[in-house]
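Below is a structure I'd like to ask you about.
Chain nomenclature is as follows: A, B, C, D and E, assigned in order of appearance, with residue numbering initiated at 1 for each chain independently.
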Amino acid sequence: MAHFTTSSSFPYIVLLLLVPLLGSLAAVLLPKKHSETARWVGIGASVVTLGLVIAMTIAFQTTNGGYQFVSQHSWASELGISWISGIDGISLFMVGLTALITPIVLLGASEKKRTKSYVAWMLLLEFACIGSFVSMDLILFFLFFELTLIPSYFLIVGWGGPKRAAAATKFFIYTFAGSTVMLVGILYVAYQHHQQTNQLTFSLLDLMATRYSGVAGVLLLVAFTIGFAIKAPVFPFHTWSPDTYGEAAAGTSMMLAAILAKLGAYGMIRFDLSLFPHASSVVAPVMLTLATIGIIYGAIVACAQKDLKRLVAYSSLAQMGFIVLGTFALSEQSLTGAVFLMLSHGIITAAFFLLIGWIAQRRGTWQLDELKGLQGPAPILAALFTVVMLASIGLPGLAGFVGEYLILIGTFVTHQWWALVATFGVVFAAIYLLWAYQRSFQGKAEGANASVKDLTMAERAIVAPLILLIVLLGVFPKPFLDRITPSVDRTLNQITIVNCNPHLVCGSNLLGGHTGMGTQSEMGK
Amino acid sequence: MNLLASTIAMPNIDYLALSPEIILLVGATLVLLATSLVRGGMKRNMATGITLLLSVAALIASLLQWHRVSTQGATITIAKAISMDGFSAFIGVTIACSMILATLIGHVFLERERITTPEYHILSLVAASGAIVMAQANDLIVIFLGIEILSIALYVLVAFNPLRGESGEAALKYYVLGGFSSAVFVYGIALVYGATGSTNLGQISDFFAQNQLINTGLLYAGIALLLVGFGFKVAAVPFHVWTPDVYQGAPSPITGYMAAIAKVGGFAALIRVFIAAMGSQASTWQPIIYALAIATLLLGAIVALVQRDVKRMLAYSSIAHAGFILVGIEVGTLAGTSAALYYLFVYSIMTIGAFGIVTVLGGDGDGDHDLTRYRGLARRQPWLGGALVILLLAQAGIPFTTGFLAKLGVVSAAIQGGSWPLALVAMLSAGIGVAFYLRVAVIAVLPGQPEMDADTDTPASAVSAATSRSQTGLLLEESTTTQSEEAIVNVPLLGAIGIGLATLTTVVFGILPGPLLDFANSAAKIFQP
Amino acid sequence: MSIPSSWYLILSAILFGIGIFGVLVRRNVLVMFMCIELMLNAANLSLVTFSRTLNDVGGQADVFFILVVAAAEVVVGLGIVVTIFRRRATANADEISSMKG
Amino acid sequence: MNTMMVLATTKTIPDLLVFFVGAAMILVGAVGVIISRNPVHSALCLVLTLFGVAVLFIEQQADFLAVVQVIVYAGAIVVLFLFVIMFLGVDRTEELGEDRLRGQRPFAVALVLLIVASIVALGSEAKWSGGASSVVGPNQGPYQNVADLGKAIFTDYLFAFELTAGLVVIAVVGAVVLARRSADSNSDDADAQLLSAQGQPEGVDQ
Amino acid sequence: MSLMNLLASGDPLYANGVNWVVILIVVIKVLLSFGICLVSVMLMIWGERKIISDMQSRIGPNRAGPWGMMQTLADGIKLFFKEDLIPDKSSRFVFKLAPFLSLVPALVVFAIVPLGGVVTIGGYTTEIQVADPPMGILLALALSAIGVYGVMLAGWSSGSKYPLMSSVRASAQMISYEAAMGMSVLTVVLVTSSLSTRTMVDSQGGGPWHWNVIRLGVVPFIIFLMAAIAETNRPPFDVVEADSELVGGFHTEYSSIRFALFYLAEFLNTVTMSAIMVTLFFGGPSGWIPPIPHLQWLFPILWFVGKTVAFCYLFIWLRGALPRARYDKLMELGWRRLIPLSLGWMLLVAGFLVSPWWGLGMIVAIVIGGVILGRAFKLGSELELSDTAVLPPVAKRIVPPELVRDLSDRDEKDESGS
């Protein structure tokens, strides 16, 4: 496995994790009065993290599809758990997204009440998310994956709408239940590996060489996927998400929709495809169907929403559907598209929630019925909202387009009918978003709506990076695609090998796959 | 005929092997003696101090044992009655640590209830020695004596609070069921003795090694009865009926202490008897433990969901914990045993810590343990509330706490051992568990007074509404309480140290689990041939 | 051999059963204590019988310890009853139940 | 003329007699314990059972235990029971007719029958024994019984013996802690309690 | 077989197997000893009344028979024909059972006492003793433990308050003194290495210097004596039937033949305890035997009777000479003095039996233990008398008002009684 990993002399990953963690601690330990200081500590920490990520992106070897900056230490070796972390083209941008969104949340969507703990939880959430994206040990991943629950839980409970406690509990129970199933899956994978090699390990690279019988593989894949699907969320595991997005504070919603949702999708790409290449292709039609239903369902329900945040929540569901579609279409283009859409959707949703948060700040509501004609008093806000909205619809030249396009193209190659149905999703997106825009921004502003102030310079500065990235991703996606593609290729290679050449599978120790007569006969048909 | 003529060859005694018991038991006696020799009795602080010293000494003795075992191997001493091995050293450390924490927390209780006599400490020292005896015992009758020393001390401790009627009642319930289980256990000993010809675990194990039992009926009956006896001691369903009442009625620090060491002792003896001595008969006892584990996991978690009293909730949660430990034992492999051991340690610390907070919040008379009391705790007292939240989440098995690794270890062992459904049930129970731990945690985190000016209910209707909600499922009532901001609870220094240590252990070993896992693993190795 | 050991053991099993029944059914705690004593005696009888059939004095030594334990246990149990009685004048288990459960 | 000798070698009659007398004492006593409505009667029946057990101990050459059984159980434990019953005046009769939980009694009967039946079935399956013999040492008859037992206790069971010392100490401490009146609870006067409690036993005729 | 083994040990009578003659001999022995018991009780009662009268300058019984010797018999006949009253509130069965529970253990204990040496009748050699079980002296302890049931149950079943208090006292007192008694017996067992009374007596043969009372130091004997007095509820430790406090104690409600049985049991207990003391500490039947042919068997019996009578006299003398002990003093004596003392002495004896050095070590240990205990007792009594007493002394106990009402008419009586 050595050729898959490249380590680095500079401890990027450790620093990447330490900075937010220490920032969080510092924020907690500050005296009560210094809430503003705490905020700046948080912003500082997250900006430093962002800097580190940018440095890493530059240092990243574009042609290498394997893991880079790998750090490996012995940890709870009795249980077979070790500290292995690294970054490849897929996780790089997820980490980047996390590092980008956090400072923006702290700058633009900070809370006045109990700022100290807000900042601390935010940074802890960032820490946990980055940790999950860089973990190459299954248990380590699980630890971070679970750890995201705690800060997000407290963020939801602590700040937001009146029904937030119920929403938070719903969120926690759903996701926790999902991950328990996943844990059993993880343990069984390790157990299988233990049986085959007599070595107890949870390292992803080692476990990739494990073989499963056909049924076990599918069951395991399902166990993993349930955990991820709830987190993502994928239809029909999405029911927690509108409530939670709707009740949580704007900043929290940004983190949840932009980053945590990606954690689920990332998990599918990273673990489902790598560990169970054969089962993935078996299960793919089901997943594609769910994804397509999600796209259409999300879009239709979004049409019926009277609440901007819930609307974005359902639109997110549709977008996540696209990502899953791209993932399980199992073609290079679609997978690349999925990763790219993860990035761009993260940015777009963050921008959405940020802007909605600002609207809510000004108007005290985000109900579509109560908003009208904001265009007049707040033209810049309207303009920015338009850009984000168009990107979300998938207008060429903006971020959303590239991802959706690649996904649809890639899916069409392998599974054309699903691709055709999914295309309707784009149309629906255009309908509900434009409709929402029309209802809230156009028309004649009256009453409270007329006195809405436009964005301040500070706010414009805060949202600027997001808008710039939306444009940049749409216009010049190459640097991103360069880094994504090799890793995607490597991931897909296994599936191709497994599915095209059964003989190779049986002889292959390297890439694993499956064993047994049953599977081979399955191959035959 | 003349006894004087024939000298008796006294067995060899390895005093290091006995040192923890001797320190605790003799120490307790000396404290008792000193009390009666000092005019006006021993001062409370003095007694606490001495008890702490003794506990630390026992901890050191256990560590010395560990050192000896790891350099020179295990020993069996006093006519094979006691074994000193990694396992006993690990349990010794666990019990000594529990003892230290419980003493710190107990002092808070004694101070608040103005109890001046040192019997509390004496009894807890003796109880600890009983538990250690159970862990070291290499003979069924010694295990029985250990159980009794532990139980008798605990019966009295449960009845310790003279001002609360519930305390005596709890003691009585505990006593009746404890005595009952002891009797069943003894009958089990008798049948096993009949089936194998000895009560010595080493002899029993040799007997199985040298003989092939054709008629196993007597042994089966004996094993079943022993398991029933142990089941009562460790509160496995369906032998758990005493637990909630006793936990609720006992003084809070005692509840924590009891929940920890009675289980540690019980499980230690259970592991020793079944895995060490009757490992070859695993096919006999495994199914029983399997069933017990499933019932325990599910019932503990489900019933805990609907509790309003924090102590009862924690009682049911401790039942669920027992289920997890049983999972580790059922597997019977090295991984399973070591996971169970690790779980025991972790569980003890977390439980004592949690009950420490319950003690502090219990108020004068130690009677106020309703959930509403915890509302907004983390807002009012971030440190105390934080510790509570951490300890609860750790019990729920949240990552980067010891609780997670403990659950992981057990479930992982179950899967490796092929006990699939058990692992799934365990995960399910953990999932349900999250709900009820979270419920308390949420209440602690939510504001003490509703932020929104919701309609102000009368207290009665608020409570009934809360109860009805609790019965329908999770309650996260936002606007039930009408009481004014609760007073800040004073946390005495020793109590703070105790709770802090427990919390710290839970977190630190959760992040750096290596040493403890190593310890548990090598402690469990003794049982592998 | 004189009387077959099975007679003793069946007798002791019956005694044990009667003891359990008493603990389950009787509500007077003192009688419950006595029933526990019955169970212990059943165990003792079994131990002595096995001690005879195995020709091993170990079983008798066990009985010796069980006797001591029984005495110690009863002392504490009665102490608890006395404590409770100070509060309410009953030894009936049903009346001693202010806690639910 | 040697019928008794014959009987003695082929055993039976005296032994059978002793066994059945002992067994009858045990069973009658045990049943008496659980069906007596008055705790004092229960205690008396318990004594009967204890005697029966002692008789069977003697029959099985455990003389020392038989005597100790009487001294400890009958002489101390049951006396203590009676003492507490009388001291607290809780010797009123209990209504046995009522059933606290519906169906509790049939359930208990079924459970107990199940337990006893399975023990008996399992035991007889195993021919009631099967262990290694004389692990600790043989029992060498009446005059050696105490010596054998003593030797076993001070060698093989030395640790257990020492533990019982601890056990007894803790029982004493515990009893004192429990029985001690706290300075501020005031209704605990022993004589007063005795007088205030109804001193009347309630006989069968009530 | 096992039962036969048990019989075959000890008495040479069973050495050659059991036949009808053996059984006949045993029956005769049992009947004889029963007769001896009854006669001795009769004489004991008469003796006590006579001697006490002498001490109190009265005449005492003098009508029935020579010197009034038949007085007891007359009383017995009278009691036998009196109406048998059973109180309405009593628990009938227990009420009837209690006297027998009192009497039977007293009778049975006598069976293990060796009355003399060995006799040979028609080729059958037997010990002059009903039974010589291997557990002999423990049997005596066990039976004396059973004896308390008679007293306790009699008091309880009477359905009356004073007898009930007597019961409670009796149970507490019995348990308290049993420990001290057991430990003083243990010293004897230690030097004899046997529990059989016959062996004990044999080991004391060879003159008074071998008697246990000398060998063991006088202390165990004193302890045993005091414990025996308490166990038999004899004055000065007769708080159980203290007529000034409790009317008549446990037998207040008894009359007629049932009362006679209690009476019988009490005096029989006195005789038996004397006999056991003689056996344990004074060599039993051993003593100088004059060289008279064919009567060799008689002298041990005479020695035994003589010694026993001396102890019976001691019991009577104590009754005449000493005032009744207060109940709390009695308990204090038992727990605080006798039990530690007997324990210490037992350790001492055990130590010296092992080796002199062990004995000296034990002395040191006992001295240290004694000092510690003394200090603890002293502090304890101070605590008891202080204001912050955890256990308030009797006079200071706070009694709730409703009880005060209940008790107000009895307070005087209680005080005068104690």
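Heads up, the rule we're going with is that a contact is a pair of C-beta atoms (placed from the backbone, for glycine too) under 8 Å apart; a residue touches a chain by one contact, two chains touch by 3 or more.
What you see is a predicted model; the values in this text were computed from it and never measured.
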item	value
Labels of chains that are neighbours to subunit A and to subunit D	B
If a chain touches subunit A and subunit B alike, it appears here	none
Most central chain, Cα average position	B
Dominant chain pairing [most C-beta pairs in contact]	C-D
Whole-Å separation of chain centres (CA-atom averages), subunit B against subunit C	26
Centre-to-centre distance between subunit E and subunit A (centres being mean Cα positions), rounded to whole Å	91
Whole-Å gap separating subunit C and subunit D, where each centre is the average of the chain's CA atoms	6
Centre-of-Cα separation between subunit E and subunit C, whole angstrom	31
Two or more partner chains touched - positions in subunit C	2, 9, 16, 19-20, 33, 44, 49-50, 53-54, 56, 58, 61, 65, 69, 72-73, 76, 79-81, 83
Contacts with 2+ other chains: residues of subunit E	1-3, 390
Multi-chain contact sites of subunit B, meaning residues that touch two or more partners	1, 3, 117, 141, 145, 148, 152, 155-156, 159, 162, 191, 193-194, 197-198
Subunit C - residues contacting subunit D, complex	2-3, 5-11, 13-22, 24-28, 30-31, 33-35, 37-38, 41, 44-45, 48-58, 60-61, 63-65, 67-76, 78-83, 85-86, 89-92, 94
Residue ranges of subunit E in contact with subunit D within the complex	1-6, 9, 17-20, 23, 89-94, 97, 133-135, 138-139, 141-142, 145-146, 148-149, 152-153, 155-157, 159-161, 164-165, 167-168, 171-172, 174-175, 178, 182, 195-196, 388-392, 397-400, 403, 406-407, 410
Subunit D - residues contacting subunit E, complex	1-2, 4-5, 8-9, 11, 14-15, 18, 38, 40-41, 44, 47, 58-61, 63-64, 66-68, 70-71, 74-76, 79-80, 82-83, 86-87, 91, 141-143, 145-146, 180-183, 186-187, 189, 191-192, 194-196, 199-205
List of subunit D residues in touch with subunit B within their complex	118-119, 121-133, 135-136, 143-144, 147, 150-151, 154-160, 163-164, 166-167, 169-171, 173-174, 176-178, 182, 185
Contacting residues of subunit C [partner subunit B, same complex]	9, 12, 16, 19-20, 23, 29, 32-33, 36, 39-40, 42-44, 46-47, 49-50, 53-54, 56, 58-59, 61-62, 65-66, 69, 72-73, 76-77, 79-81, 83-84, 87-88, 93, 96-99, 101
